[in-house]
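Written out below as structure tokens is the structure these notes cover.
To keep things simple, chains are lettered A, B, C and D as they appear, and every chain counts its residues starting from 1.
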Amino acid sequence: MPVRLIHNNYGKARVRLMKVARKGDLHELQSITVKIAFEGNFTEAHTIGDNSQLLPTDTMKNTVYTLAQQTQEIEEIEDFALRLADYFLTNNPQVTQVIIEIYEKPWTRIAVGGELHLHSFIKGGEEKRTAKITSTRDGRTIESGVEDLVALKTTKSGFIGFVKDCYTTLPETTDRILATSIKASWIYANPAVATGNMWRDVRQTIIETFAEHDSLSVQHTLYAMGEAVLEKFSDIVEITFSLPNIHCLPIDFTRFGLENDNRIFVPTDEPHGLIEARLSR
Amino acid sequence: MPVRLIHNNYGKARVRLMKVARKGDLHELQSITVKIAFEGNFTEAHTIGDNSQLLPTDTMKNTVYTLAQQTQEIEEIEDFALRLADYFLTNNPQVTQVIIEIYEKPWTRIAVGGELHLHSFIKGGEEKRTAKITSTRDGRTIESGVEDLVALKTTKSGFIGFVKDCYTTLPETTDRILATSIKASWIYANPAVATGNMWRDVRQTIIETFAEHDSLSVQHTLYAMGEAVLEKFSDIVEITFSLPNIHCLPIDFTRFGLENDNRIFVPTDEPHGLIEARLSR
Amino acid sequence: MPVRLIHNNYGKARVRLMKVARKGDLHELQSITVKIAFEGNFTEAHTIGDNSQLLPTDTMKNTVYTLAQQTQEIEEIEDFALRLADYFLTNNPQVTQVIIEIYEKPWTRIAVGGELHLHSFIKGGEEKRTAKITSTRDGRTIESGVEDLVALKTTKSGFIGFVKDCYTTLPETTDRILATSIKASWIYANPAVATGNMWRDVRQTIIETFAEHDSLSVQHTLYAMGEAVLEKFSDIVEITFSLPNIHCLPIDFTRFGLENDNRIFVPTDEPHGLIEARLSR
Amino acid sequence: MPVRLIHNNYGKARVRLMKVARKGDLHELQSITVKIAFEGNFTEAHTIGDNSQLLPTDTMKNTVYTLAQQTQEIEEIEDFALRLADYFLTNNPQVTQVIIEIYEKPWTRIAVGGELHLHSFIKGGEEKRTAKITSTRDGRTIESGVEDLVALKTTKSGFIGFVKDCYTTLPETTDRILATSIKASWIYANPAVATGNMWRDVRQTIIETFAEHDSLSVQHTLYAMGEAVLEKFSDIVEITFSLPNIHCLPIDFTRFGLENDNRIFVPTDEPHGLIEARLSR
């Protein structure tokens, strides 16, 4: 029975770059990390070590740097990803599909005497703006998203009426902390709408819904956030969430003869719940 | 246009536990981390916050601890995962699919005066033995694997004959360091063969092939490892690899008037190549 | 020759807690991590296992939780650290010195329709506000600081006129990116001035100086920042900086027949420069 | 009041390198990370940006690579650190003190058919062998050590007779898991004894003592390990330990109507105890 190669892809990951755009004394800064994956006819590279169809991942990296330099302006990550995908497909006939994933981490201008500085910046948090382009010669899919957007509400979250069995120890509660690290991504109906403003509007819709929702469970809030996005943005066809439940455990002060009044909590990294869903129209 | 929930799952991640088996003075130790994901009819939990079909993830965690305690012996992680999946399916009619993922990190006995100690251990490395059980009422799939198995060979690796374009700077080489962090997983034809001995034999076949292979590319060595496993173990139906290329860059000593003799390298974490493939019969 | 115990301390690290202060519907949130270290007469705990002088670290943890609960208000971390140190010294005669270290990570209110939300928050970045109290029955030292405050300027930074030797390859430059992760801590002349406003003012002075400085080296900017703080705040007696030089390497585009115009950089985590100094009056 | 620079140092951190020694077909591999810190007269670099006394950290890095290349053999990290310190002091009159810190991570040969392979290796764990050389023109101190050596014993550890107060909830126990991540470093009386065999003997003494000790507390075991080293090795003048207490919490099965039999534990990363001491003769 011969061995068959039923799927393969290769590429370069963690290509970091920082781009400076200079408009006179005003400098703009963008910090991104790029991942590239090729699919195509690479069977003989695997079976007999024939590399004649392989564009080295080192060359992919150099291409990222050079295409970044080709534009003076800071570019939306979706646009840069599309340019990269187009370049690779155009110049590599052996490649059938290119996936480009980019995330951008925020930097904010330092304020000096109340004025935003022209060329000095502070790094923002771990939150990432993400873009994923899946491109073939027949079409392309554009998915934007957020990752590591940690959100917390100190009330308007409960969890009751769940299944009980012999291993149940979790008490029902109508007032708990709800904390999660939002990972969400949404697919656009067409590339033209994938702008930075759109991204900011979707992100804002997600966090406003999180803030305002009367949560009966993580699932309930997840659905509310997805529904709000799909109802508000007709150019979005699908949205996916992955939400860890970052448990913030109340301390039991009755052990010290004190009353529990729901003010001191221990946030825990593990174990954690994980709630995932995809919504479409 | 109404919103539809097109996929969802939930569960508990990073449930760590340590199990001690006592055979008189001889103690055995197992350190595992469990992840559980349920699929089922949870639509109303999302849409209206009705939790009546939700087994809390806290209860899942308690179930892991209790089922671990039910056996005195240290259990293969595949067997424990199967027991967990069976338990959850049997006791939760609303659940249609359970996925259990477990990884185990190695501990080794301390040698005292050349004798292995009865109850004292040193933690091994970051390498993980993994198991993933996907279980429905119609059947179950068993996938075992390794992760973070970092392997390196100082010769018998080259990379030549690849595509060149205007962004090519990588020199061809017939003698380079090949380093990777092996992530591999394989699907067994049936649960009965998923033993610890089998796992050790597959792992050994992978690393022996890595060591002995005359590598013309990462793809070439990936394929050789997969082929060796599929040829040797008829009970394995499919194997998947994800292999970062951990570049070890030679220093250019000609800048200091010295000769390059391929002895001093800088290992780099980023950027890195990433080569992935799945092989079957 | 007998063995002597020449120094020892013990305590609890990574005691995380989240405190919620409720003012009607307006909730405030504080996220801190506490470390406690005791020095004292613990010799016999070491030499013969006599624990009669040891307050368990588990009890230290419980004390942190309970003292946090004793105040309804969110407390400056310096004040909380002082309360903890006082409590431990008062109640543990066997303890001669207590060191309390606390760091706080920022959370910001979610804006909903332009209004700050009453009880929903987004986690800020990795930047930490730090406090360290060293307390004995004779006095106490208060040190506040920042950590992981990543700052970058895209111009007004150079590095020329340095020592050259046979291993020099670094080119002189009058225009480079300067990036660092600021770790700074300063000692107050007396506890009363250790307020949140003071902390914010010192932090602001540091980053404004970073932004405005014409940097001839990391050392040069470090000194400027320290000098600015000491000149502005007479209640600060000493300031210490630890500044990694996060190298942002310009890509050499001449390899691709293009011009180098100082716009695309590769930020690197390793290796990195590390510049440290302490300034006083 | 003028500002004074009361201490300063600078250098390069995280200089990773991999060295291959070739003895015909037999290859040896060493993976190290070097940190360099200079002290000296660098005042004017800080105060006026005069870099004429600064050897760039980039040059330090190049020097590490080149001095590594100067020996064909794999060198003990203490010897390499001494060579580096000597080189820097000899060639930089403005430098008064050099501190070199190196850690080495283990790699082991892959066994193929029971034989150790000539040029293929698997990365060992996170345990580090460390060396720190503090060198001036008047002398040098040599400190060797281990870090991240995680050790655990499943019995022969208790903790009783400690201080109780109103916040005590920890039960006394005469049989618990003791787990720690050993960080230890020891100072040699003279450089000549700082060999790899010595390092291995000291490490073995530490872990054998850990394994065999009837532990009444972490302090008690720390002292026993230090005492064993100082008694056995007359060339060691001082040893320092930093031992986190990695709590492994027993599950309370009585909540599920089961008996607690001390077999299932939850290892936790935070909070953790931290026990530190220094011993000399």
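The working rule: contacts are C-beta pairs under 8 Å (C-beta built on N, C-alpha and C of every residue); 3 or more make two chains touch, one makes a residue touch a chain.
Nothing here was measured: the structure is a model prediction, and the numbers come from that model.
S.K.: Taking each chain's centre as the mean of its CA atoms, which one is most distant from chain D?
M.R.: So the farthest one, by centre of C-alpha atoms, is A.
S.K.: Would you mind working out whether chain A and chain B touch using mostly the same residue numbers, over half shared, or mostly different ones?
M.R.: Chain A and chain B contact each other through largely matching residue numbers.
S.K.: Quick one: chain A and chain C, Cα centre-to-centre, how many Å?
M.R.: Chain A and chain C have C-alpha centres separated by 29 Å.
S.K.: Nearest whole angstrom, what separates the Cα centre of chain A from the Cα centre of chain B?
M.R.: 24
S.K.: What whole-number Å value describes the gap between the mean CA coordinates of chain A and chain D?
M.R.: 37
S.K.: Which chain A residues reach two or more other chains?
M.R.: 16, 62, 66, 167, 169, 255-256, 269-270
S.K.: Please classify the inter-chain touch graph. Allowed labels: line, ring, star, complete, other.
M.R.: Graph shape here is complete: every pair of chains touches.
S.K.: List the residues on chain D that touch chain B in their complex, please.
M.R.: Where chain D meets chain B, its residues are 16-22, 27, 29, 31, 62, 65-66, 68-69, 72, 107, 110, 112-113, 117, 119-126, 149-156, 177, 207-208, 210-212, 248, 251, 253, 255-256, 258, 261-267.
S.K.: Given the complex with chain A, which residues does chain D contribute to the contact?
M.R.: Per the stated touch rule, the residues are 166-167, 169, 255-257, 269-270.
S.K.: Along chain B, where are the residues that touch chain A in the complex?
M.R.: By the definition above, chain B touches chain A via 1-16, 35, 37, 42, 45-59, 61-63, 66, 91-92, 159-163, 165, 167-170, 215-220, 222-223, 226-227, 230-231, 238, 244-245, 269-281.
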